[in-house]
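Labels for the chains are A, B, C and D, by order of writing; each one numbers its residues from 1.
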Amino acid sequence: MIIVMGREVTDEQIGAVVKKLETAGLKANISRGIERTVIGAIGDERQLSEEMFTPLPGVESAMHIAKQYKIVSRESHRENTVIDIAGVPLGGKQIQIIAGPCSVETQEQMDLSAKYVHEAGCRLMRGGAFKPRTSPYAFQGHGAEGLDMFRKAAGQYKLPIVTELMDARQLDTFLEYDVDVIQIGTRNMQNFDLLKEVGRCNKPVILKRGMSATISEWLMAAEYIAAGGNHNIIFCERGIRTFETYYRNVLDVTAIPVLKKETHLPVIVDPSHAGGKAWMVAALSQAAVAAGADGLLIEMHPNPCEAWCDADQALTPQELKNLMGTLGGIAQAIGRTL
Amino acid sequence: MIIVMGREVTDEQIGAVVKKLETAGLKANISRGIERTVIGAIGDERQLSEEMFTPLPGVESAMHIAKQYKIVSRESHRENTVIDIAGVPLGGKQIQIIAGPCSVETQEQMDLSAKYVHEAGCRLMRGGAFKPRTSPYAFQGHGAEGLDMFRKAAGQYKLPIVTELMDARQLDTFLEYDVDVIQIGTRNMQNFDLLKEVGRCNKPVILKRGMSATISEWLMAAEYIAAGGNHNIIFCERGIRTFETYYRNVLDVTAIPVLKKETHLPVIVDPSHAGGKAWMVAALSQAAVAAGADGLLIEMHPNPCEAWCDADQALTPQELKNLMGTLGGIAQAIGRTL
Amino acid sequence: MIIVMGREVTDEQIGAVVKKLETAGLKANISRGIERTVIGAIGDERQLSEEMFTPLPGVESAMHIAKQYKIVSRESHRENTVIDIAGVPLGGKQIQIIAGPCSVETQEQMDLSAKYVHEAGCRLMRGGAFKPRTSPYAFQGHGAEGLDMFRKAAGQYKLPIVTELMDARQLDTFLEYDVDVIQIGTRNMQNFDLLKEVGRCNKPVILKRGMSATISEWLMAAEYIAAGGNHNIIFCERGIRTFETYYRNVLDVTAIPVLKKETHLPVIVDPSHAGGKAWMVAALSQAAVAAGADGLLIEMHPNPCEAWCDADQALTPQELKNLMGTLGGIAQAIGRTL
Amino acid sequence: MIIVMGREVTDEQIGAVVKKLETAGLKANISRGIERTVIGAIGDERQLSEEMFTPLPGVESAMHIAKQYKIVSRESHRENTVIDIAGVPLGGKQIQIIAGPCSVETQEQMDLSAKYVHEAGCRLMRGGAFKPRTSPYAFQGHGAEGLDMFRKAAGQYKLPIVTELMDARQLDTFLEYDVDVIQIGTRNMQNFDLLKEVGRCNKPVILKRGMSATISEWLMAAEYIAAGGNHNIIFCERGIRTFETYYRNVLDVTAIPVLKKETHLPVIVDPSHAGGKAWMVAALSQAAVAAGADGLLIEMHPNPCEAWCDADQALTPQELKNLMGTLGGIAQAIGRTL
């Protein structure tokens, strides 16, 4: 940690900072410049917080220089982590496309969806049984019954299933239906009690980025899960909130190379929620794969116009198939496979 | 709802939209302009969603024109709602300042805090027992034990207590300690299961604005609580996330007059978390009261430099006292009392 | 235009709106719903502004439904426009990579740069002679002398040159040195006098997106140029400002398919300024091409460590060459050439 | 400047950084921590840029610790600067309200406006003759003729005039009509050539904050003006761009205390453009004054419904008068006068 002292700092003020550092078991390096004096902390700075120093007299600012996350950091683990999802590897050379409808509606819709997901060549399936909706008056999902339909449909094609957990009290139900990947939604990225709970189970977790979460907050949220013992974490970029109103969110492709540098864990992208319109999905999917994403989470519906939610962002089965073709070419161009 | 058709729309496409409207029990008004044809839905549009129409051929866009929130809307209730918090009115002519430390640390710290809050002339006290922290390695709060310390300290001055609920499973503990006002934090504004849960109890709820929540999403989150039967909801603006890095958040004072127009419920402001620095709190508090806030939520600590969290944003007891004096003058200038 | 009337609207208020519409030469369609009455304007709504109606009694809101831009709109011109830049086509099947240093430093640096740009297979060269710098104390560019060095260096390889114009008074100098493409920088996207000026000359113009400009404002800025008679406009996405601090800007790849839908003009991307770091450039370039960009604007320096500005974002000549290889594969995968 | 070295730094890499510092005439302080080595620059760091170091091998990041602005900084001038505007002091104990219409329309409208501004008790008048408009097809202002009407109208009440300069080529006209305060609009905050030009004249300049400019960029833009010799600079906060769509911009009241801390120059606020609606202006004006603003820039029109631009944000003469009354009370509560 670096502590920058104000312009007219006194020796007494510097002494107080040094004392606080030493009390915490660290040492101080004092650098007296022309305009500012800077105190560097020598030792494990993770136990320090900036606000331990900023209220002290004479302190102008304090900043961490070491990363605050440990287990998820690439510094702690150089090699890419490949997560095994019921036999399907995520995070290696092969890119995984997880497709399926926004929400579980009927058994027939799920059966058809599973068939189309399989036929398009995807090896994992998504679908929501518990739905976070902006309005309390909107369809909230089928709940446990939805998990049952999903399990049955996906089982026919041996597709591992990915579905969203919204509340810690539903976790037992998820384990009962043997959900393969637990998704934590954007609104729950900093629901710390929920993170601690999934940190205690041994299922892979997709951690969606909060709508306006910084990369650093996102990594710290993953650290909450990891600190509980569950290291099977998959980051999912899904667009961030900005001033632009033409599209729902702005897909942050830069997050892909940045995360690949900061963490050893896999990074996937949800192009469907990012743009919010089906006609944007192909371009965003292609961009994500070209930028180095390890996978995609794509909405597909047997009949988008009839979808119960997010109807305007689901691909048709044929559109998904076409997209898989193009993505295969891009994967090859960057030395990967689909 | 208004449905705007694309430029080269066909009669068949218009017919399909009209049919979908009629199936939902509404009527259609068709307005053929020179560049665009617009279809207006006549009837209760709350049961419609935009995505029911946007994927249909020929549709360019669809937009709601009625508000999506009902119970919390001022249209449904013209008069200001005044909430009774153990005898203290919030939302009327009198402005309420809720003060106290960021987190419950020790019984002594809470006793001192309660004393200073009371002496400054505040009628409500705040303090955190369950703490949402960015890092899993930071102090997470004393939990139930903290509620106990808080209750004892505040009881000496008959100060109703305000504290944050982070997880539905803690609600029973909150009721057991008879917490007077349940606070829902910024990270949980769209934790819908938690909102439903507090909607079922009869305690006043402070609903903090999500870090990047729109006014409309915030009102809808309140509607979740209201839909459960609990109408004692207090909105709390606490700064929004922007590109500016000099301060933690940007206090959105415009939200105050806007909420007072849109809802009958009280609106308070948290100037401490907004700016993130003690030296900004006076100016932001004054601005909030001048803009029409019904109350403030201010961090004060008997000894800020020693605070266990957010040390750089707590006022000293003397600073709080001075601020109360200035706020009294501003309240008077706008025809209110403190 | 749609004018939404408030809940308790009177016939007189509706009459006033209708009268104002009729005075402007349009007709009104009145749709009385259960909660709201909506008035649709029939006729050319471009002459109307929303604020003509919003201050009238009883009006809740007013919104345009037709696009405000005309010449640049794809509605006015279905086919992609291909711009001829001294023989190099931009906007067609072939993707163009424009490379070169941030600023013109010395004749030798420019000669070397031109050589490397040519050797990497790029057909256009960039370089800044007039530099917009945040600080008045930073290097402001060599000005006209820089244009001279640039012209000489690029001429050896017949590379058309792209350089930034910051002030209308420099335009004559630009024409004198026969600059092939005039670049309008992000800070000048809404410098309307400058836009009008380049609208009157017949040189291709690269219009960079303002740091926080919406797609709609950007299209309107282009319309300023087009309205002056110059239709050779190239949009350049260069990252937008958000809350994220890890990287300088967030490259908005979604803008690519959106612009390709809204306008017939070419769209290029500047991955160097977007991320602000050389190690991010490859991933962002690949994403941009995969998403459908017609070209890229990339910073390359013979010796990045010695660059006079933006040293940390320039590629080395070898990095540029390697990137060209990968981009060629991606171009092929999406049916284009490099 | 602080240069943070990566985890596995070598002595050679540290040596290269030290050498670069020494070549620039500074000294290095090396602090070897457990996880990171930090190099502090001792000497005048304003001549260094971060990108001089970030591309060097082994460097993780570099950051300035001294302020980059000098003349405008409060460090360079402790006392508040009070600017004399044709006899009206701005920046002292007395708060100044600058009122008038968005644009100069007719002589009669300006005469009436001047009368109402004067009657409300305001001592300065605003009005636009050159108008920055999003659309090239909208009214662009009367230009020089407008300045003439404005001058005549304001002269009757001896009101100094404030008006916007959009292009350096119009400066002579501004001097000819003896404009009292030159306003630089939000879109031109980083039009560096324009800043340099007004820096060379001796008129007070209102520098509006760019729509998404950071405090630091804003101070640097002012430094451009100051570096030219003109120190009569007034900062004007006018709302920043965020994700919120209910209102045009978010008035950033936090900028007021922050600027008062960072600079000795006056700070005013434009509540009209911030909110974009007349009904928000009173609350925002009150907030701005309560937060410490030295003045306000308010739109008032003799007949808002008939205004040629921004009709929905202008106050009526009576509304302005009422607001002045409330502001007087708030000014008194914080120890100032109106």
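Just so it is clear, a contact is a pair of C-beta atoms (placed from the backbone, for glycine too) under 8 Å apart; a residue touches a chain by one contact, two chains touch by 3 or more.
A quick note: this is a predicted structure, and the numbers were derived from the prediction, not measured.
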Show me the overlap between the contact partners of chain C and those of chain D. A, B
Ranking A-C and B-C by C-beta pairs in contact puts on top A-C
Let me spell it out: compute each chain's centre from its C-alpha atoms, then which one is farthest from chain C's centre? B
Between chain B and chain C, centroid-to-centroid distance (C-alpha), Å: 39
Centre-to-centre distance between chain C and chain A (centres being mean Cα positions), rounded to whole Å: 31
Would you please write down the residue numbers of chain B that are in contact with two or more other chains? 212, 241-243, 245
Taking the touch rule as given, give the residues of chain A at its contact with chain C in the complex, in rising order. 212, 214-216, 240, 242-247, 250-254, 256-258, 261, 274-275, 279-280, 282-284, 286-292, 326, 329-330, 332-334
Could you please specify the touching residues of chain A with respect to chain D in the complex? 2, 4, 7, 29, 31-36, 38, 40-45, 65-66, 75, 212, 241-243, 245
Applying the document's contact rule, which stretches of chain A touch chain B when the two form their complex? 46, 49-52, 54-56, 68, 132-138, 140, 166-169, 187-188, 190-194, 196, 211-212, 217, 220, 223-224, 227, 241, 277-278, 304-305, 307, 309-313
